[in-house]
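Could you have a look at this structure, given as structure tokens, before my questions?
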């Protein structure tokens, strides 16, 4: 375990980038965080808080100048493909956040480059696969404890408190739409748990909770029903209106039992008995909900590099999730059932 | 309160008929149970357990011979229309179980007859509208406590333990299909809570949990996605595979809060800490889940008769729920989105 | 079942008296409510709401003049003994609320009178023994499903919202002290579940939540630890400060599992997801918590009369519970361990 | 943060020692794990799993020969004092597991030595103070959100599955008794939350669940009632019989609300709906329940060393908890109320 450390850099110090940076620096003994690349105003934080002196605003320069083994790509989604391609061509292992990108053409190039560097690790940020609750459920399903899967329901619903900042973000950038933005992980979970692919979808969306989103061509809530290739049925709900917090919930109905993960997104083991009733405090965002999974996925990345193993979730998994999210969006836009081609 | 009692008879002493009979006889002071009409083998029970001497196997004869004010119709669904028509024409108030019938033609006749007897009470068995949990939720919604409704999800899932008896029943009779059999109440709840009508549906169904149902043209699980006329989205899940018990669940997502009713169908206030984990025992069937609602709906029927008020849930509500269930079924059968005409 | 009805009267139309009156009149077919005796201002309610014309302010007069089979005694606790004695001597069956009385001398007389009328039913209002949650737990314990009882914990805690009215009441009357007022049912449950008697207790009490109670020699919270004759240990907590509602909770630790009853006193099957967190609404008082048990205990009283069977909970059970509550109070008053003589 | 690492060794590689060793080596960037001292058979694990080459069976030799800044003492409780004294005299910072020791004389020496080295950090393993649930509750209490504390209840109950190994352990060693072994942390929490000291206790104990413990002078379950110096009342329950898992629960009743921590010791966010009912899987032992707290307490130890700050929980806190546990035990042994001298 106390072998030579993996020399690593991070591109992007936004909310999630900062989490990865802190986890690499403080919660993990596998990596040496050598350099960061981010917007000028974020670099100060890296210097003072993490003690990183090698800071860049140009990721190419950083990759060229530093002696790196691997890189974490947490920049704008649209840039994931070019950053990944540059890093792979420079011989680095790549951890790239989700989703792979926004337009399929550049993502396809990215995928080809990944395939042409089979000895380098490429891992994408499907952190939910490292969450202890999903892992517990996965094992139960694999052990046949709930029989055959019949129906699966995934919710990805952001707290209402974030709607303003989302509106700003979506005004400036392409969010990719409600399903890409909110349900990409749910789509991955549906595929991971069932081991099957969706073939058709009918999706609906509305802005009842946030009429202001109409102007920027966004939906607050989207609901997609999917038919899987083996007859399993799925429902995805994406939204940004949860008054109580951050609701990421997955229900798996089996022929001999059901599992719900995150039914109540409890923050801790505290129960309150107050004039509000009997209350469980709940998590407020993905940072809180998946704090440990973010730590565990980078441990797994280090292990993959050391053991020369590719991660279970491949780039194809990322590509398919992207295509499925886009098919749901297309169904909303066309008001029709959409066949899903993977 | 201690006025003259309402003279009443019951047609049908199956599972639900027996519940109504016992409730009328033992849990209510408004009615005198004068006579029953049922299959020969069930009459003995009425004599010995309820002390009813006036027993019939022909409902027409009973209505003709006894001096009745009202009748409870709990016979086979297909006979609901003719029984209702006969009773109304004989001047009786009618409480008729759900659904109104199976074929639309006879139901339409039934509806016309009801309309031509406006002074007689006609009440159908939407007992969920009398359940304290739904009433509590309804009041919250009406008070605006969860804002505007965005999405609504209704589950009607029978216990796995009943699948054999269902198979026998459905082999012999027309169940009406998964949505009519399992979700008619959920459809009523969606309409009741939203105050709006569905306009389109896409439904899917499978027999993963009960392949034997293929032979008798039934589905074990059905899932319907509905678009409401105001943009609200709904999901209905009907099934017969719940390993834990009887799951009737309704979720109402509002722009300022959510309500779930029956998320865990707790049987009582007991929590167990055993080698199985921390366990809440749950209700096993509709009899247990809605025992109090069955008592309360007949109290309301008596009050309607005494006060000459028609029930909130009208025959049109019953008719529309029937049409919506049939539209869902048609979507499964045709594999297409179906427009709903009400 | 449709036999001759039991002619019954009620003495006392306070909060609980009114509940019994309504249940007798509306939720039960066994009794004819013939007459009521109460304070003048309460009689109007009985006339208009229940249609009772035979109303009295003198219970002796009512018992003498009406042709009664049985009587419900829901008057002031201090009068329970004399009322019971008078009714028994008049040949009536008696249902008497808890506790039996406040001073042991009159209660002892009452007990002797009960013993000298063995053919008349005497039932006291241990309604918890009719609550479905306790019955479910009792059966589990009897079936050995949690092994041998090790420890038992009972909470009887009133809502904070009632503290003002309690203060008024306790200023005017003798509440009997925190343990008699709040834990008499818990004491009965400890005895009922374990089948054993407490032999010693050490009790503490404080007024941290309600310093104003000092002036009237009352305690807001009391905690008693009891040693049972077989080594089982018990803790009783009585209080009047619950911000969330009415917490009546019983925990039974067994050598092979635990049971908690009323851990969260859920009002219904509703779960709320709001900006307060994930919330279960809870019951607010004993009326709400035990509404069904109040109905069921009077059904059992009718059945006992018809079947000439004495209730499971005897007058000795009532007497012992009273003595135990007084021993706990004495421990607080003397600041010492108290030996319990039953 | 990326300063020079703290050179550290660990004494003891039992269950908890191995956890600390792994956490130091893998979950933390503050320490360099230089050496370990343990029984011969445990050293192999340290070599192969942690890559530690400097291994010892004599802790004095290790402290003398290695260039250490700090040491983790996780050896047998009885040796905590002499190990601490040796390490402090050698100039090291000390993290010592709970409890401080078993006999008061050697603990008093230990305390004196700690006081005579005020510039060296001494931290004891009150890891619960680092658990996010307790921290959340502590903040609520400090913010006055539940008003004034009235009553506090702490459970420390080990899983039934561990009773055999406990029996072996307690046959060979002095466990210190049920309260010292199971409730030392609960005692600390009572003091931490209330900010007050207990003045008297009456404790009871039994072996109903494990009669075999009689032979070795141990109790399976102990219950202590405590009177605090400000009138607050507390109940402690220690046991080793939990069929469902590891129940560490704390209830804090306040004059304006209650908090329960660990009411149901949920393992994760999974809810199961199976033929067992609705089930929450639960944690099985302290390793699982406090895994994050063990990580966080050593981070805090590192921060204390770097910042030259003594931990919030002082050695006096450890000493008082020890004395209180012993007073509870004495009450069981003498069958009397015991005054607590701190």
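We call the chains A, B, C and D, going by the order they appear; numbering starts again at 1 in every chain.
Keep in mind that, in the parts below, contacts are C-beta pairs under 8 Å (C-beta built on N, C-alpha and C of every residue); 3 or more make two chains touch, one makes a residue touch a chain.
Fair warning: this is a prediction, and the values are worked out from it, not measured in the lab.
Q: Compare the contact pairs of A-D with each of B-D, A-C or B-C and report the one sharing over half of them by residue number.
A: That interface is repeated by B-C.
Q: Need the CA-centroid distance for the pair subunit A / subunit C, whole Å please.
A: Using C-alpha averages as centres, the distance is 56 Å.
Q: How many Å are there between the centre of subunit A and the centre of subunit B, using C-alpha atoms for each centre?
A: Inter-chain centre distance comes to 43 Å.
Q: State, to the nearest whole Å, the distance from the C-alpha centre of subunit B to the C-alpha centre of subunit C.
A: Computed from C-alpha means, the inter-chain centre distance equals 37 Å.
Q: So which stretches of subunit A touch two or more other chains?
A: Expected reply: 146, 160, 242-244, 256-258, 263-266, 271-275, 281.
Q: Viewed as a graph of touching chains, is the assembly arranged as a line, ring, star, complete set, or other?
A: Graph shape, chains as nodes and touching pairs as edges: complete.
Q: For subunit C, which residues are in contact with subunit B within the complex?
A: Result: residues 1-3, 25-29, 49-51, 132-133, 136-137, 140, 145-146, 256-275, 281, 292 of subunit C touch subunit B.
Q: Please name which positions on subunit A make contact with subunit C in the complex.
A: 160, 242-245, 247, 264-266, 271-282
Q: Which residues of subunit D touch subunit C once you look at their complex with the stated criterion?
A: Counting only subunit D, the residues touching subunit C are 146-151, 160, 202, 204-206, 208-210, 220-221, 223, 225, 227, 231-233, 235, 237, 239, 241-244, 253, 255-258, 263, 336-337.
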